[in-house]
Structures are given as structure tokens and as C-alpha cells.
Amino acid sequence: MKVRLIAYMQFNPEYLRQHNLPVRNGEWMASALMHSTRTREGLLEILRETCEEEVVDRITKSVQWGHFTVAGMLDFIFEIEGVSRVLSHQLVRHRMAWFLQQTQRSTDPTHLVPILPPTVTEAGMENDYSQHWDKTKSLYHTLVEKGVPIEDARYILPNATQTRLVMKIDGSNLIHFLKLRIDPHAQWEIRELAKQIHSLIKKTCPNLFSEELKEYWW
Amino acid sequence: MKVRLIAYMQFNPEYLRQHNLPVRNGEWMASALMHSTRTREGLLEILRETCEEEVVDRITKSVQWGHFTVAGMLDFIFEIEGVSRVLSHQLVRHRMAWFLQQTQRSTDPTHLVPILPPTVTEAGMENDYSQHWDKTKSLYHTLVEKGVPIEDARYILPNATQTRLVMKIDGSNLIHFLKLRIDPHAQWEIRELAKQIHSLIKKTCPNLFSEELKEYWW
Amino acid sequence: MKVRLIAYMQFNPEYLRQHNLPVRNGEWMASALMHSTRTREGLLEILRETCEEEVVDRITKSVQWGHFTVAGMLDFIFEIEGVSRVLSHQLVRHRMAWFLQQTQRSTDPTHLVPILPPTVTEAGMENDYSQHWDKTKSLYHTLVEKGVPIEDARYILPNATQTRLVMKIDGSNLIHFLKLRIDPHAQWEIRELAKQIHSLIKKTCPNLFSEELKEYWW
Amino acid sequence: MKVRLIAYMQFNPEYLRQHNLPVRNGEWMASALMHSTRTREGLLEILRETCEEEVVDRITKSVQWGHFTVAGMLDFIFEIEGVSRVLSHQLVRHRMAWFLQQTQRSTDPTHLVPILPPTVTEAGMENDYSQHWDKTKSLYHTLVEKGVPIEDARYILPNATQTRLVMKIDGSNLIHFLKLRIDPHAQWEIRELAKQIHSLIKKTCPNLFSEELKEYWW
């Protein structure tokens, strides 16, 4: 499994230039937007006057008070490779995220080894598992040679087949996703994904996704 | 594939009784709700005075003008059985519907025959297809006997494995779903589902989902 | 303020008739749908065999465990009359509900008295408040006579002006709405609305919206 | 009315640095993400090999074919000042956008002149309009002095009162918003907003929001 944070919400450089503002990160932006709902001051004044401590304080309170819209202003795009269709079927259920998934309707994914659950190895069944994959792969190619369209040949491909997705999710729904999927009841593969996402996102938004605020996750 | 319309939005019987109103169907309700936004008259007066022709006229216009909220007031719950996980993986992507799907984490689905694409039969590969299923099934049970949890044994189950879902969807998103999935570019299995849903829903909402309005679908 | 539950999700009578099932309420339906994801048994068997205690038990657990989709299967339509545009502006922010609101673009709402906050009466300012309304009303009509379209004349109408809405909301988002708006921090008018909705909905879904489960609301 | 594009989805600079990629704009990103669903090639190869013409071609097709998810990957945050609560009440109905609005519960907005519809001026009623505002303002302050909380004093403030919002919206829902609100049937103030947003966004995403593609807007 490989997860990369490829894009996220950032200030319009043109806006910063025009108003002579320093580059600020997403937490700074979200905390300023939040604060602007409660003051006469416009966003520009807030951005000029806010100090680091205020940002940390406002971000922390927004999570503690469940102000979803603050985290909701920040969007993130993740690239997710080397996962099974067990995972992707669960993942695309998250209705408030947007997905682009490699389609099996027009792409042959059999050059990649299928995902292997650790319990199969522990049960000493790894060889049977991979021999079965070889047979599946071979039947897939025979079907295609006999004229079956690959969108139909894929009916024999297992859940374990590798897939690749792009997920766009806002910070508020990401908090909900992490709460649900880092939980020990979550299935092992999606749990691994949630942990990798959490570790990536903490670098970009250390306050919003801090360990200390986990108990407030919604 | 078996599709049933098991529930839908209906007037509160208590409300009808209190106000001495006759039982009216969903289109009557939606057209009255729509009309109430543009008049001084309350909903009760509208429900008492509206005639059949006005209902047909208002429903027709709501589709022609793209007034999503009219159809959006009507929700439907469908039970969908005997479909593959190719279909369910596509289906749960529809973000504005709600799904409850039989889980492979705790349920063994191998007593049901897998979905067979017609092109496999046409290619004379039906026997190979079903022999491969027998081997897959047998390996699945061996894995479980060796102590692999069924949530991991399922990694070898194919896309063709039968599943069962419940889908709740509002009329507006259903119109979008039908437009997308009755289209000739749609994959054959989800197309078949869309057609069955359309034929069921036309009985309950003949004006909203009429053939004549298909060109206005959004 | 007048709130009525005018419609909600109910079993398709045709489905009950075909399968010879007794009429069941929404909680029965939602609990059966939830249970069907975890069993080999189909929905019909579950509906035939479930007893009252099991329904109560499953509904209770669905709230305690935060299984949103169970409550999410049940939709409700409320008619809301005699509220201000302070309330409606806040209300339509709830993004997962659907609204139909009486428009001021084509309807003159000045025959109805404006909403009066209790604190205005307490401050002895009721007369000034209603005299100001009379002047506003009179200017509104002058503007219209002078040829100002009513969609522009309404710019002088106050927040207190009465409006009327229809809200469709599913059970899961209703739980969130009630949590947020029954809270003592909520504004008094929307709080009153939330209380009236809660008291109506408890009659229809006594277990899902029971007082005992309030601590689990999301 | 003042509208500013303050932030939008941009590549993670760290990701570009690590993979030695040049800075690319949002359309480049969205077109690459779209293309990656249909190829064996990973996103990195696509980003390295794509030429300008291919980007234009893919973006154009995504709109023509109604591939919502391509535009849906790009989010934008707008700051909107100097608009009435007629506009904001309509605006926050767009359910797929996120809003942060200056609250009248804790902020006194009476230092700003109310929005004046051109038809009021044309009818020669500008003086009456502004005298009424002075009386309203004066009553508002009397109410506050007499102890009425400002969250209740605002009940007399007119629809014309100035407000300020932040709106986050993805490209797909923005296309829908523009279609609906640039339309001649839209109310004049929100139409003006839509036009300003369109002219801002065309600078950042000239292909996605080009005049030529307007007929395909959904």
C-alpha cells in the first residue's frame, strides 16, 4: 500500500500578493475564516493580526466544540495504490468524499500481485493462494482471447486484485473517516490506510489532527 | 436479479385523519408541496382543492424545469438481490443514496451461484467458468478450516459472487441514476438493474418517471 | 409556530400484501433492514420472525453504536408555519435536509404579524416594535404601488417576517439536528422548533428518539 | 458587492519536489487524475508526459460528457462582502457548498448601509428607503439599550442588511451554481454574484469554465 498527499487547499498566491500577506498554511486559513464570522473585522485584518497562539487555540476549540465547517474548509487529495477491491468497495461508501478509481472495465490489472492477508500466510496457505491466483489469471486471459470483453472477464477476478484510487475529502469528513477506520473494529486493510493517512495529514495540519484531540473526533 | 420496492414516502395517516383528507399518492403530495411555496394558501387548502389535471401538470413542469426538490421530497427503498459485486461496487458510488449491504466480513455467500455474464456463455466458456468457481469455493472453505477468518478468506472470492443490498434514494437522485445507468454506455448488469427499477417506479409515480419526460432527466 | 408531521417512509402496501405480511412501523422496517446485512436470511424471513423485543434491542444498539444508516433509512416531512426568517435562514443551512420555502419573490407575506421575541415584550418595547412593523408594511405597499417588483420591495421586510417551510429530513440527520438545536446554546426560536419536532417524532419512533438515547446523539 | 478568490486546491509542493515535477495548475491536476483511471500508467508518469493540448482536450471532454468528478476534484474558497441577506438566504440553500457567515447573533451590522435595489431608485423612492433604514437602525439601538439581546434586536433588521460570507465549493457544484444563477430568471443580486464568480474563476481555470462549454453545464 502506498499513500501520497498530492494536493490540498492553499491560499491563492495572487490574493496574498495583492494584499501583501505572508504565505500561511491551511490551519491559519481555517482559523481566520472561522474567526471572521464573529467580528466586524474583515478577513484581511484578521490575517494580518493573528498570532500563532491564537491559531492553535481556535483550531483546538473548533474540534472540541464540533464546529465541522472549520475543518470542512480544508480539502485534501490522496493517491492510494496497492490496495484490494475489498478496501476500495468499503472506501467508496464514504459518501462525502469524491473518488476516481482505476476501472476494470477497460484496464487489465493482472500484472500486479493480489493483496495477501497476513492470516493466509499464518495458516500456511500462501502457496495455495498464489497458485489459485495463477489459475485465475490464466482463465482471465483465456476468456479475453475467446472474445469475452474485459469488462466481463473481470467477473472472475478476486476481491484481492490490486486497484488504485484518488480520494478527495474535506477535513471534517476526514476526521469522521479516521475515527471510524482507525478503530480496532475496522477491517485490517482499511485500518492500515487510515493510519497512513493520519500520519501524512499530521505533518500538514498538526493541530487539527493532533493525538490530543482524538477523543473529540466525530 | 430480483428487485422489490419495499417502502416509500407516504402521507402520515394521522394527518389525513385529523384534517379529513382522502388518501393521496406521492405525486399528489409532491405537487402540493411544490405549489405551496408560491401561494398564500396553506398546504391543507391546496390538498383539498387540487384536481388530478393540476397534479399531472405540476409534476410534468417540475421535471421540465429541473425543480429537483419536488422529486427530492419522495424517497424510495429498494431491495436488490442476486447481483454481483461488480454491480454493488459501482452502485454504492452513488453518493446521494443510502445503502445497507450484506457483508462478506461475517456472512459466507458461497451457497449462491456466481453471476454469469452472457458473453462468457456465448464464448463457450461456461464450464470453465463454473469449474473455476468450484475450485474457488473449495479453497475458500479450506482457508476457513485452517483458521483464516472469513473476512480474510473472502479475498479470493470473485467479483461475480452474489450479494444483496438495500438502497434508499430520493426521486431527484433516482432520476439522475436512471439517466446514467439506462444509457447504452452503462455496464450491462447495472443497466438491467436500472431498467427494473424504472419499471417498478413507473407504477407508483407514473407522471414523474414517464417515458415522455426522459429527455429532461438531469 | 405550528409544526406538523405530514409524511414519512412507510412500507409499500403492495409488498406487504404480496408476501402476506402484517403492517409494521418504521422502526420495525429499519431494524429488519439493518439485521439483513448480517444474515443469510432474506428480509422476508426476518420480517416474519422478528419479535417486538428484538426490534427495540436493534434500534437501541444502532443509536448507541452510531450506525447512522439505520436511522438514515427513515425519512420524514414536516410542515413548519409561523416562523421568522431568522429561523429559516438558520434552518436551511442544514445541508442534508431538503427544503421548500414560501418565496418572498412572488408572495406578499405582510398580512401575517411578524414574530415577536419575548425579550422585546419584557423590555416594554412591544408597541414600538409593532408600530415599526406598520410603517414597514406601509412602505412595502407604497414601493409596490410605485412599480417596485415585490422581489425588490421585500428588501425592507424584517427578519421577523413570517415564513413557511416544508423540510424533508432522514432520521440520522434529524438526530444531529435535534442534538444541535435542542441544546441550550441554540437560538430560542429554532430551539422551540427542535422541541416540537422531537415531541412529534417520539410518537412515531419512540425507541429511535427516546430520551434515554439522547446521550448517544451524534 | 466584493468577491475574492482567496484559496483553491493546489498541488502539495512537497509532492512536486520529491518527484521533481514542475508546478502545474488545477486543470492539469484534474485532467491527470481523470486520465489515471483509464491507464496502467501511474499518476507520476501521466504528469510527466502530458502536454498542454491533452489537458485542454481532457478538460473539455469531461464537461461535455458530464464527468462531474473531474471538476469535483477542484475546490475554491470565495470571500463575499457587501451582499444582502436576501442573497445569503438563497445562497446557503446550495447544499453541496460549505458556508461561514458573519452572524447577527453577536455582531451589529448597522454601521454598513443596506443594499439598495436599482428598482427602488428608479421608482424615486431612494429617500424613503434610506429614511426607513435610519428609523430601523435607531430602533435597533434603542432595543439594545433597553436590554434586548442583539440576537433578538436583529428581528427588526431588514433583508437589505449587509452581510459577509465565505463559500467553499467544488468545481462540479460551482458549474451547477453558475448555470442556475447566471440564468436570466435568477434574482438580480445573486446573478451579479454568479457573474463575478465566473469572471474570477475563468482566470484560474480558463478551460473548465470557458464560455464555449456553457451549453454543457449541468
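Order of writing sets the chain letters: A, B, C and D. Residues in each chain are counted from 1.
Quick note on the criterion: contacts are C-beta pairs under 8 Å (C-beta built on N, C-alpha and C of every residue); 3 or more make two chains touch, one makes a residue touch a chain.
Bear in mind the structure is a predicted one, so any value in this text is a computation, not a measurement.
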Most remote chain, CA-based centroid, reference being chain B: D
Interface copy of A-D among C-D, A-B or B-C, judged by whether over half of the contact pairs recur: B-C
Approximate Å spacing (C-alpha centroids) for the pair chain B, chain C: 25
Geometric centre distance via CA averages, chain D-chain C, whole Å: 28
Geometric centre distance via CA averages, chain C-chain A, whole Å: 33
Per-residue overlap in chain B, given as positions that touch at least 2 other chains: 99
Residue ranges of chain D in contact with chain C within the complex: 84-86, 88-89, 92-93, 95-96, 99, 104-105, 114-117, 119-120, 122-125, 128-129, 132, 135-136, 139, 142-143, 146-149, 151-152, 154-160, 187
Chain C to chain B touching residues, read off their complex: 4-12, 14-15, 29, 33-34, 36-40, 42-43, 69, 72-73, 75, 77, 79, 81, 98-103, 106-108, 111, 164, 166, 168, 170, 204
